[in-house]
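Before I ask anything, here is the structure I am working with.
Going in written order, the chains are labelled A, B, C and D, and every chain counts its residues from 1.
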């Protein structure tokens, strides 16, 4: 039984961490951090936890926190952890950071897309990008895991096999993603009001969304090349779920032929057949966010369009689970040698 | 480890039974019954179960079924179980019936409100009304449990303490209930289409909804009197959840005084303080369906309006869990001596 | 062609006023008031008006405003108009106030329920309660109209005929109302975020909602008696619409009999058969908010429950139209002698 | 005043036609055709029309119909009109066909994508593709107008200026579209049930949706070249609205340079600045379906991504108005010499 602390436990991702960890056999949550609700009962912030969690919210105090816990989850704004993390903290506790602070290896890229100075670049090299299915072994030994973004988790896993196997031309890759509104956080902002989101769909952050360089970097590692793509997020009137629809031209193979449907399917199976949390759907079945809601699953599939020579790749996740809290717990499980799916045997809820 | 069979496993309540039972430590589902999808993979009907359930759907065959399992759940239309159940079946397996067939003790009342003949009235007396918090001891010894309706579970538990303690005048009782659309089932009917339900609210079954006599009977037992009330259901544009808002005049007590707020709160605590699945909210907090979604909880509270001499009682459940599958599993747990909450430690999902 | 000014034109009710008035043949909007968006293009606040409205938002300046326009609509917080209105203003322009400032004749009642001091009680007597169907003749001659609240419009019209005709016992009257989220306004508040409202229903303001005394006062005039009732509003996951479900015991008539279904229907027809904007639905049809969305209609109906001796009355409106802007325009039409339905021939939008 | 008949008046597009035509000054609806609801009151099918439309639904009888009306709208399944239309009908009435029967000039392409035989190919040549902004002059003289599909209207208008001006490489064009659920029609099918659509998003018809060849044909005319693109529709949990997000590489111009942002904007303005129903949004503003809901507007805009050399084009419509009934009325207005916007001055409803 290890002890866990959460900084930022009252955001939507923080709440989901609590939901998952309360049913995790190997952990005990010792610290419900929340600057906004200091000294208030956690269940007064999230009434689903009434009679389940009795703790009060605590102010930020990382020095004190690392004394009390074995692992710290930071579900905090960009720049927060980078601004306070020290070697001493890392020697006392492991960290799973749900922000973007340590996801991008190139500091300049981070600073350009996020518009803030990185305050502790010395830890970037050490940080492991916590996309478990790709970096499992590295995560196991990590002190500091950069938990991937929600859009990025979905986008990368959707395209990974075909990029990795060199079956698509990455220069033609376009990712059109659609997200539920919980991805926008719990801040009281006019664009997130019910009446503004309901009965509406829009693109936002076109050609400028911060998850773009993260996707590019990771797919670049996969393809062993530089990737520059278009990523367009959309806001959808639903609470949870991300669907990524990706497009790319098939890549002419060494023998001059184009990849076949079977080659594409083999690639998906090669990387995902053994992965519990990635489900490669049967041919002809398109992923739907509802079928993964509340769970840590990623559902992926593709359609080969011989007419245009393109493949359409699709993936669906629950942005708060595999896109945030679930993956963070999966990372923690790896870091501490627990069963990778402990606490994560969440069956999607339908309807 | 007991063996379980489900008849009607591809309705919404059936799907929820599967979701709960797959994480239940003491059971194995042996029979996924579904007349509509015979020989089809269960996961082709509910893709949330892809790579989780590999069984095919089976046609109805109760004779064969009771040979194979210890308990049968029937999530079937009214009249189905009553039409086939025999003493022999009951000797071979226990039954939890999610339909209304054995809920109402008076056959004439059943036949009047449901408009069908009851084919096996001989089992009505034996059947235990499976509202666990009220009839726990009887459920433990039962062979046949009539699992309460969704509206009725919510309505009865919302009002029970004040009726039982004689603190309200039951002749003035009015229950105005609001339900998500999953309560209407998975049948392809025009009124349940997305575009007909979304951005809409309406009452239906006014003064004629079949859950009315069930509520009246159970509250009559509680109050030791005859109850005749108005119950009005409404269809709300959401998937899950029932909210009951109930109104009644305070009842003048023996000493001529009216009950105080504290007396009302004491009544709720008397019956529910020790109940894991019933949460009496703090004063001033109104139940919201979202705070119980996906869980077996019932959240209840009340407001005493001294101005009008009425108390407004409120309760919220997830209609598919405490209102159907969750309660069915809770009943099964009692019937087989499992921990009452086994499989039901479902933390509400928010948002 | 008259000139119109709107103070508070960037709230949801203000936006709806603009939508309606832009297609009104007899008016021109001269003043788009909005303290929050001074000097910004109105279409930057509400992009539905792009290329339709080219004006900028103006700061509050009632002295200047009354010089420029014939009628002022105030879609402002409670207390705003009461705090600035003078006899001089009323001599220069007519006022339709969408706030509650002049709705309640008894100052003490207003101050108690609203918790603020009334700054210009001298105009209360003069103000006409602008429920057109009830007070049409008074509205025609008014300088100052108190536009009814959204819940109150729906509640009063739903019950009016039976109260007026003495067919129900007003002491037993209970109104359970359900509203879409636009009724909560466009303020950026956490409870109104998409993820908090979606997939959720709750009661709020139980036994304390400010529309209660307004309903009581108006139904009291109708019944020529004092009315004290329970009114419970609920928040529903939809943008627009209010549904009121009202319950009352039938009243024993002078001859000792109870009213018949026909007597009830006659009462509705007596008051509403000639009313364009009130539609008494056919027997057996329950009002649904979707069927009036975007229009100025009120759909009403009732069910007589002989079993309990109660009548269930139901009414549906679009809270932003008949519940706010539409009725305000209807009042303006009466005040200026225009056709009462000018600008209001809005056919409900379905789906 | 002309006389209008509608075949298929009880589908969602048919209902929207009635909504628009009832407020059209130059027409009278004489024929409410509906095979499914023969002899039933139209308002019993769509209760928004209660006390507005008093007609009954009529069975199909095109021979009789063309005797009675000046124009026939067919909002019918594919193949219906093609199966019954004769030269004699066309001599007696004009036709606006909302199905796909006469949209595609190449019969083989139609038969391949729609999987049915075309029964009256002799009218295809004559039929005018009724995208008013592109084919206005041809529509004016037409007897038979093929009203464009919903996805196609949105997709074509979104991309038209850049294709027409040769500013993008059409071989790289990808259109990712998202639609509300009314596009699926009013048929009682399981996938369109509220609980299946709500809280969900999915792609469908990937690489096989029937609107693909229609988009390709029209953009081919614009670009004077053959177009073969990927079009992927998605189902979004909302009633109305289509958003198209289109991607293409900028095309190197004759002088070897790439188009600039200003050149792209100039192209949009060249074709749309004078178009009432197409709004080119200000730079930086992305179209949202909510801002056009209930209206005949198309909102378009683009983002130039210099990093990738691509332009992201976006467009939003109400699928039932500009995507169906509104455009049909716009076509009728042109065909009969009415003001093009008569009946279509519908201000988008927000929220």
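Things worth noting here:
Everything below uses one rule, namely that contacts are C-beta pairs under 8 Å (C-beta built on N, C-alpha and C of every residue); 3 or more make two chains touch, one makes a residue touch a chain.
Because the structure is predicted, anything quoted here is derived from the model rather than measured.
Comparing the CA-atom centres of all chains against that of chain B, the greatest distance is found for D. More C-beta pairs in contact connect the chains of B-C than those of the other pair, out of A-C and B-C.
Averaging Cα coordinates per chain places chain B and chain C 38 Å apart. Centre-to-centre separation between chain C and chain D, using Cα means, comes to 37 Å. Between chain A and chain C, the centres computed from C-alpha atoms are 46 Å apart. Within chain A, contacts with two or more other chains are made by residues 12, 182, 195-196, 198-199, 237-240, 288, 290, 293, 351.
The residues of chain D lying in touch with chain C in their complex are 12, 15, 19, 22-23, 46-52, 182, 199, 239-240, 279, 281, 285, 288, 290-295, 299, 345, 347-351. Across the complex, chain C is touched by residues 172, 174, 176, 178, 180, 195-196, 198-204, 206-207, 228-230, 232, 234, 236-241, 243, 245, 247, 286-290, 293, 303-305, 307-308, 310, 312, 314, 316, 351 of chain B.
Put simply, chain A touches chain C in their complex at residues 12, 181-182, 186, 188-190, 192-199, 237-239.
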